[in-house]
Amino acid sequence: MEEVRFCLIGAGRAGMLHANNIAFNVMNAKLTSIVDMDEKKLKEIGKELGVKNLFTNIDEALSKDLFDAVIIGSPTFTHHNYAVKCANAKKHIFCEKPMAVKVSEASEMIGAAKKNNVKLQIAFMKRFDSLYKNAKSIIDSGELGDPIIIKSLTRGPGLPASWYYDINKSNGLLAEICSHDFDSTRWFSVSNYKRVYAEAVNRKTPEIKKEYPDFYDSVVCTFKMDNDVIGTIDSTCPAHYGFDARTELVLTKGMIVIGGVKEEAILTCDIKGVIKGNAFKSWRTRFREAYIKEIRSFIDAVLNETTPLVTGDDGLAAVEIVVAANRSIKTGAPVEL
Amino acid sequence: MEEVRFCLIGAGRAGMLHANNIAFNVMNAKLTSIVDMDEKKLKEIGKELGVKNLFTNIDEALSKDLFDAVIIGSPTFTHHNYAVKCANAKKHIFCEKPMAVKVSEASEMIGAAKKNNVKLQIAFMKRFDSLYKNAKSIIDSGELGDPIIIKSLTRGPGLPASWYYDINKSNGLLAEICSHDFDSTRWFSVSNYKRVYAEAVNRKTPEIKKEYPDFYDSVVCTFKMDNDVIGTIDSTCPAHYGFDARTELVLTKGMIVIGGVKEEAILTCDIKGVIKGNAFKSWRTRFREAYIKEIRSFIDAVLNETTPLVTGDDGLAAVEIVVAANRSIKTGAPVEL
Amino acid sequence: MEEVRFCLIGAGRAGMLHANNIAFNVMNAKLTSIVDMDEKKLKEIGKELGVKNLFTNIDEALSKDLFDAVIIGSPTFTHHNYAVKCANAKKHIFCEKPMAVKVSEASEMIGAAKKNNVKLQIAFMKRFDSLYKNAKSIIDSGELGDPIIIKSLTRGPGLPASWYYDINKSNGLLAEICSHDFDSTRWFSVSNYKRVYAEAVNRKTPEIKKEYPDFYDSVVCTFKMDNDVIGTIDSTCPAHYGFDARTELVLTKGMIVIGGVKEEAILTCDIKGVIKGNAFKSWRTRFREAYIKEIRSFIDAVLNETTPLVTGDDGLAAVEIVVAANRSIKTGAPVEL
Amino acid sequence: MEEVRFCLIGAGRAGMLHANNIAFNVMNAKLTSIVDMDEKKLKEIGKELGVKNLFTNIDEALSKDLFDAVIIGSPTFTHHNYAVKCANAKKHIFCEKPMAVKVSEASEMIGAAKKNNVKLQIAFMKRFDSLYKNAKSIIDSGELGDPIIIKSLTRGPGLPASWYYDINKSNGLLAEICSHDFDSTRWFSVSNYKRVYAEAVNRKTPEIKKEYPDFYDSVVCTFKMDNDVIGTIDSTCPAHYGFDARTELVLTKGMIVIGGVKEEAILTCDIKGVIKGNAFKSWRTRFREAYIKEIRSFIDAVLNETTPLVTGDDGLAAVEIVVAANRSIKTGAPVEL
């Protein structure tokens, strides 16, 4: 294979970002097909991206030889169905996070990919961000010793679509946003979660709480790893003030702070002495380069038949932690993994 | 009264800092007496500070009319005894944190002060720090809405004396260091703790663990307040890299970051392009002004017969949280307050 | 025209950067030809970029209909010759800075482009950088009043090729590096230079000074604009510690600081409390996005037949200032423009 | 002598700051007398500071044995008269910057102090600031090589009293504010100025310009030292946005940035994503510690009979540069020193 032909499944925010990167920012790849249930949107996007094979149904799309790989960007609860069908049709899979709603679903997705010998990569783009990669290499060098405490946060500016409100269907904030932190902390500590405890509240979205009493918009967690690393995760969504993704480590011989609130190295000061800057507005701009690099990495894995840098096992581990943390919120007790 | 005469009880690190501030940096105050059990140290310090009334025994010191107020800077487990005796002798009390080891002790200290009509102030100096005060006034102004998440950390460079190793006697890291964070989070949220959960490990001091198996040097907590504010506290001690005290809030209409790792606004860059700065080395320099302001505030409260800005009730609340968090570590479950 | 076919003239550092952007990062453009006098290098680069039309001579390249536009990335003293020939052959011109060595050459280049009705854009990429653009829009909004003082610096990590040592041929540091600052200050102030004064020294490269006694590696200038804006420019090259490009403005109602020394928002602190970060290593990474945006902008100007955002007149103005500042160094007096 | 008795001459902004430090923040010193021509103000301040010896005339004050040293905080054009009289009366002299208006006056002040064997210290408080001292020790260590370029700025929030408007009497902005920068750059480079060139404009205070056509409110300079260090100085006053004092060095093996615009390590971000902080409002807060340390240092020099850390020669050098830079503005040419 010299070029990977892609089908986008789910033309939402994340899906469109990947589609645009394939169209404009990566080599050896081509977007040939799109699957989305919204027929009107499908036509518009097809026109915008110059893609002619448009489907409202995955089975139809899979019936012809139009693509080698899929980008699954549809709502979380649909990932399992799409992924299994695509694997069985021998399509390589690049799947948005969270990988699935249930642990069993994530396991089945891994099984299907393995059985059909297709690549399966989960979209934890922080692993491709220059700041996070730089920190990872400092940690791995050992110059600052071993991690003791890891604190990670991701706070998102806007709410996802309404299917997200039902925690039982979507796993909520911990899944849609903190999945990144669960993955980053695992990656940095080279260990798995042993135990997680979470506190959650609904402080900004009382209107959602009426219909969905389990819905929460802010959360803090503590965790303990198998290798005794301890830490905290926190999030709020909608964050209003912007998109905020930072991680901090205490190590036996030092500490690391990754990221900041400010978007750009520009500072103004007005006549009253008020210094102003701007917070990051969006994950699209904050992780622009990382999104390009992760899809390039996936294409390389497909073309060179190597293992993706973020595997289905990483996706599964995050789903396990999300499920455990949500149970902790429900039971008011720490949950062992 | 025009001038407050002071007796220092316990000439350790914090005690000496207060003694020096009274000698050189505050008005209307005079250090007249010192109580310390180490006779040699007592003589040296008396000479250094020009103080002639030196005692190894509190009762003897209290038997003459030498002072109006005491600074209790001795080990935590002695606070209760000194405070009750001084209150009964009608001396005003400025007591280092943590206020006491047991909740009952702290309650008795408050009772003794009330019965004898003397002032009792607890040394939570962060409340007098310009950064923390500035943040408090922004929060109270309401311009950024109500606090949702508060994250606070204090990390200390050096271990206290050996009496600190026995967690059952000292309450450990959570008491000696995180007391500040428990107090700051209460102050910012204007609420009390409802529940606390903690994870602790010993990663830097295995040599202490042998004799004191309960000893931990690193900890993370989550908490929930009565008013639904949630948050995290973390600490490590010894931090080696320096003294680190930072707090961050997510509010309904914005966020606040208080403090940074860097000591001074000076940056060097060497020929290899490595940019360097220095972390804060010590709480003495980081909170230098706050220490002066808190003792000035106490002197004002005594002279003007007003209520101190940090009361025994604030000290008691922190002890309650410390005890609860330590029980959480022991039981592996969240503890209600 | 639907696609702009490019010929790269001069496959040096800047030229190759543009060639790579055309190949991988822009739409509606194609690199079809390369001109470079080094035959061996020419073959290697042709292979690397998949370009088959390779020439050691511009006349030969122009004799066939292979391209619509050229990127002039060759040494400064060759710009005039290439630009005039290409203009006469009706090729659009994207020319690296400095535009030319002599003011008369720059004027002739503008004349040739005008006569032949081709686009001429000068590569002042800072105008396309998000930080500088952001600052420009704040200035233009008037919210901080009018600029009074502008201070700009660019410091480069490595020396250009040896043709650069002869100040009389290359105009030196002020041309090769400070051209950017001369352009940025003109852009921000919306005015032309009235007067410039410069001090220069050779402190790092005594070995070059032997053969080229006029050579300087460090410089500071003051300037006054027609509209009374005053300011300073400074540079050093080689900067060793990295690539450094910052600008600061004092306005009647405030101030603006653009850029910083640090490359990434990551900070480490070692066991000794030394906080470390990294300076920007290269203009390639610092202005990566700006380089892509400027070539995209040129392509748009060609396809849409609009005026480029940075014109030959801007290039000419910078050459005039460079020549004046170099004369100031020689004469020890301010030079009027 | 065990205690230095002080007389304050000129109870203006700087004078009162020193008087308060003597009263409250230094040991072994006492303010016993005040000289000020404004009788009403004199009485108020005497009451405020508890000082009973109040004079409107220096001769009267010197006629009794009331003090050992004087603080000269009166307008610049009066320094020479007061200093010479005090020296002849064997009083040690702590003199605010700028030392004098004319070079000859500064020389006479040095001569009078020498003849009478009294200490003479000039109030360049930046030399006692922890940031500047820290930078000085890094430079002197040689680890970053030798200074090549030094850029320094001081920008002041408010205009001095009206005597300052007449440049011929006060030497203006360059004297009142940039004296600090002239001194810091000399201190860092361990060299004297060889040449200075300045550009000045009046952009904020047209109302002053009417009566005082030479008045300027914004200035930039370049300079060259005897040891080939080159650099720039800039200032604006009134700066409106706050008090701003920063210095930056390029050295043969690295660079140093001293100071920042922001006052405190606190950052807020509102619901629109606007990050806010505050600029330094005043030199009083920015250099609070430095002001205490410089007066302590002077007292030590008097009590221990050692040479002050900032001498009359340093004051004289700054006056020479100020006069040269003002001549450069007038003549439009660089001025040799």
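Note that the chains take the letters A, B, C and D in the order they are written out, and that residue 1 is the start of every chain.
One rule holds for everything that comes next: a contact is a pair of C-beta atoms (placed from the backbone, for glycine too) under 8 Å apart; a residue touches a chain by one contact, two chains touch by 3 or more.
Computed from a predicted structure; not experimentally measured.
Colleague: Where the contacts of subunit A and subunit D overlap, which chains show up?
Modeller: B, C
Colleague: Report the chain whose CA-based centre is farthest from the CA-based centre of subunit D.
Modeller: A
Colleague: Given that subunit B and subunit D are copies and touch, would you call their interface same or different according to whether over half of its residue numbers are shared?
Modeller: Result for this pair: same.
Colleague: With contacts counted as defined, which of the two, C-D or A-C, has more C-beta pairs across the interface?
Modeller: If we tally the contacting C-beta pairs, C-D comes out ahead.
Colleague: Using CA atom averages as chain centres, what separation in Å is found between subunit B and subunit C?
Modeller: 57
Colleague: Report the inter-chain centroid distance for subunit A and subunit C in whole angstrom, where each centroid is the mean of the CA atoms.
Modeller: A distance of 39 Å separates the two centres.
Colleague: By residue number and range, which residues of subunit B touch two or more other chains?
Modeller: 240-241, 253-255, 257, 261-262, 267, 269-271
Colleague: How are the chains arranged in terms of who touches whom: line, ring, star, complete or other?
Modeller: Chain contacts: complete, every pair touches.
Colleague: Help me check something: in the complex, which residues belonging to subunit C touch subunit D?
Modeller: Of all residues in subunit C, those touching subunit D are 146, 148-149, 151, 155, 195, 197-201, 203-204, 218-224, 228, 230-232, 234, 236, 239-241, 244, 250, 252-255, 257, 261, 332-334.
Colleague: So in the complex, which bits of subunit B are touching subunit D?
Modeller: 24-25, 27, 130-131, 134-135, 138, 143-145, 253-260, 262, 264-271
Colleague: Under the definition above, what is the set of subunit C residues touching subunit B in their complex?
Modeller: Per the stated touch rule, the residues are 240-242, 261-262, 267, 269-281.
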